[in-house]
Amino acid sequence: MEDFLYFFSFQDASIAFVVLGITLLGIGSAFVGTFSFLDNKALLGDAISHAILPGICLGFMLAGEKNPFFIVGGAIASGGLATYLTSWLKDNTKLSEDSIIAVVLSVFFGIGIVFLTIIQKSGNPEMAGLNQFIFGNAIGIVERDLWIYGGLSIGIIGVLVFMLKEFQILVFNPDFGKALGLPMHHIRLVFNILIILAVVIGIQAIGVVLMAALLITPGAAARFWTDRLKTLLILAAVFAIISGIFGTYISYTLPQMPTGPWVVVILSFIALLSFLFAPKKGILFRFYHRKKYIDKTQRDHVLKSIYKAEELGKPALSLEELTHIYPHQKQAIKNSIKELEKEGQLFINQNLIKLTKPGKMEAKRIVRLHRLWELYLNEYMNIAPDHVHESAEKLEHLLTPELEALLETRLNFPRLDPHQETIPRDHDDI
Amino acid sequence: MMTFDQNAFLIIFTASLIAISCGLLGVFMMLRKMAMTGDAISHAVLPGIVIGFLVSGTQRGLEVIVGAGILGILATLMIDWLRKKARVQLDASIGITFTLLFAIGIILISAFAYRVDLDQECVLYGEIAYLPIDLWITDAGKSLGPRIMWLAILNLILVLSFITLFYKELKLTSFDEKFGVVIGIPASAINLGLMSMVSYTTVSSFEAVGAILVVALLVVPPATAFLWTRQLRQLIQLTLIIGIAVSLLGYYLAYLLDSSIAGMMVTVAGIIFFVSVGLTRYRSKIKFGTQNEAKAFSS
Amino acid sequence: MIKQVTQPILEIHDLTVSYDQSPVLWNVDFSLPAGKLIGILGPNGAGKSTLIKAIMGLIEPNSGYVKIFDQDLDKVRNKISYVPQRESVDWNFPASVLDVVLMGTYGKLGLFKRPGKKERELALSCLEKVGMTAYVHRQISELSGGQQQRVFIARALAQEADLYLMDEPFAGVDMNTETAIFNLLQEMSQSGKTVIVVHHDIYSAVNYFDWFIMLNLHLVASGPKNEVVTEELLRKTYGGKLNLLSKVSELIRQKEFNPLKD
């Protein structure tokens, strides 16, 4: 707890620096990552982040120390080379894109490992600082790093906001952009540079191996909450910041823990929550809606059954008679009756279930939709009268008033369905 | 000098075995456009390895292999679940899955560092250089040679039998999976089998070359061979030759530069790949001229 | 106009199929006689390929069923042959023409067994039928579109089936190939095989097929040529989709789940 307060009150200037740095780089990576996620290029970021390792090592070898300028320079060079090779190989060989990405990723990483072991064996005492690029160590961010990484982040965010429209076209409809006369080729180039820069700063916190998560997961999680690009970007950034700060906090309290894996675990957790609980697209929400829908279909069936009995001259049904019609759904039918009684659509008198006035209206509507659809299937889709029932059983719960009106006009307000049963209207009696 | 040579032979021999196993599986992974799924699996088995390690108390336990196998399959299932149930696109599903599982693995290693004799470096590039001193010693005290070499031999035997037994099915489902389903071939079982073999191979090779570099052996030799040939048999043969060449050259270059053997193997694989790209392009440029003429002639 | 037949080789009962939760086939119900050359006609997006895939069990229908030879698909797989769309595979795959045609024999071979001399001879004779004898050892990446199509048909022939389902075998092939394929299909139907072909070109179709299935999200017609190739039915097939049906499809697509699924 003490740790927690100390950390989050930012009394310690170095912690404040780290948090500021994490926030900036989180926003930068999440913005860029969201675009590459929408562009279906999620794994290119993975390739680039692995490919940066040899550049970092070379920068270190040249500078002889952990100099951010050399390291960023090397990283940009090798990241750029990897990006260029990826698209060059795609245009000039018959290899599939996933093979190309896997080749570039693993070869560059292998070369990086070779450099890393060479540096390791050279006995340079600064070596320890280099290892943290692999799994990330946000606590290692010092003031000098902040200036360069923070500056780069602000640069990325600035360019993205400034060129939002162009990138939007790049992601959703590049051919349209070309038709408009936009230099799509250059826009893609700028975008690729942004990915590389985002990776270069991101690996500070998360390391090269897991950097892909910082690019992919925030966007994928945010996609569940919204369809609007701006909201999407903001949410993705928020997710990245939250996980970045908590990851940092954990590696602050448990010094043997690298930051990266914790950032990824927290991010994935946020993503899991989004997949499950997000409104509209979340799995539970979809499940709940399905359940609600099935309940409604069961209520519809009860109303319909009583109405049909009425048509045959039997004004009420007993519970036994009703459950007899749906022998496999006894409990569900009982629940539906309870529900409908509460809504005032039917009433129970001496174990006989009868429709109220609004109940009858609703029942008529359902039967009407059922029979209209049957007639439509028969007349417009040439389906034999003995084949139309099952489809109508489903569509009677779905058709909207607009579609009902359309059906009525198409079929010219018919009186009978294909089975010669009356199509009930609101004002006629049985 | 004599003993050194023997060590070198053991390392190269084992590395070749691993490269061959990976290459054989990698050919089919590439043809199924699942190279990145292979990458994901090789990352994702890490927590399985660590948990198996914690359960058995040793990295030699069967639990390690079982743990990794379970995680490998879990990874493919998770990718599938994300794609179908959560409706996330395939590449993002792969990215989310492998980063999460790998992260958990690293956290477990860090948390149980005092109990698990695994470090982050071993995960990255293995310890094939120590292979000759890590011997398999029977209860009677007799040394049977390097333990990892025996693991690699067993792995290769299993991979070879899997591919020989299901060669026909692997070929068909890699080319046209739907046709396979239509004629009644258990395509999803074949696919799951292949994924299990990849997971198992990753674990079995992990101590030698590291979890991440396994993927290079899985991907780069087949991709290189694919530049040269359009015949499956030749593709497999060439992949195996490249795998052996990579082991041989990688070892000696690492020795010369005093660096990681596994890393150097991948570097050599990369060099062979890019040289092949250059050469095959040069070759097709010459061929292209004659082909154009033939086309003009026939039409 | 839907003509049902007795003792059908293929019976489709009330089939409703969705693709990405959008219904693309509504209540399709027909039966087909054996030994005919049958064309499936319809505009783009009418659900022609979906119908074939549903018959072959590649897409799970929302409702309805398919019976082939009065049996479930799994019992008669050996008697049906399938030609997918040419673009559905990557032709850069490292295989020779012969390799691909041999794949047609895998179903009957079963697990573990390799194709032997008998299968090879069968494959060669199938290649001869499609006029590809000269290309037996050619790599498939080097074939033209028409040649690729012929290879796919040879592979289907090697299945030695009684019922053939072909998805757009005439798409993007040259005139020579089209005539050659058509002659072959005619020969097959004369020798008692049933061939069902998805076709997009109404003008050539009239000359090719003797039974027609006309689709436009729903079944417009199914019957012999002289009864169904009428101006009215063609207009129903090609004259735009039913407005109401498209609206209902859209309504279902926007739901959080597919309400047509049981």
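So that you can tell them apart, the chains are marked A, B and C in the order they are listed, and the count of residues begins at 1 in each.
One rule holds in what follows: a residue touches a chain if its C-beta (ideal position, glycine included) is under 8 Å from a C-beta of that chain, and two chains touch if they have at least 3 such contacts.
This is a predicted model, so every value here is computed, not measured.
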| item | value |
| --- | --- |
| Chain at the geometric heart of the assembly (C-alpha centres) | A |
| Chain pair with the most C-beta contacts | A-B |
| Averaged-CA centre spacing for the pair chain C and chain A, given as whole angstrom | 36 |
| Where chain A and chain B are represented by their mean Cα positions, the distance between them in whole Å | 31 |
| Whole-Å gap between the CA centroids of chain B and chain C | 39 |
| Two or more partner chains touched - positions in chain A | 94, 96, 281 |
| Touching two or more other chains - residues of chain B | 33, 226 |
| Numbers and ranges of chain C residues touching at least 2 other chains | 90, 92, 141 |
| Residue ranges of chain B touching chain C (in the complex, touch as defined) | 31, 33, 165-169, 171-172, 174-176, 178-185, 226, 229-232, 234-235 |
| Of chain A, residues touching chain C in the complex | 94, 96, 280-281, 285-287, 289-290, 293, 376-377, 380-384, 387-388, 390-391, 394-395, 397-400, 403, 406-407, 410 |
| For the chain B and chain A complex, residues of the former touching the latter | 30, 33-36, 38-39, 43, 82, 85-89, 91-92, 94-96, 98-100, 102-104, 106-107, 110-111, 113, 120, 124-125, 210, 212-213, 215-216, 218-220, 222-223, 226-227, 254, 257-260, 262-267, 269-270, 273, 277, 280-281 |
| In the complex, chain C residues that touch chain A | 1-2, 14, 16, 26-27, 29, 63, 90, 92, 141, 218-221, 242-245, 247-248, 251-252, 255-257, 259-260 |
| Complex interface listing, chain C residues touching chain B | 56-58, 74, 77-78, 80, 82, 84, 88-90, 92-96, 99-100, 103-104, 106-107, 109, 111-115, 139-142, 155, 159 |
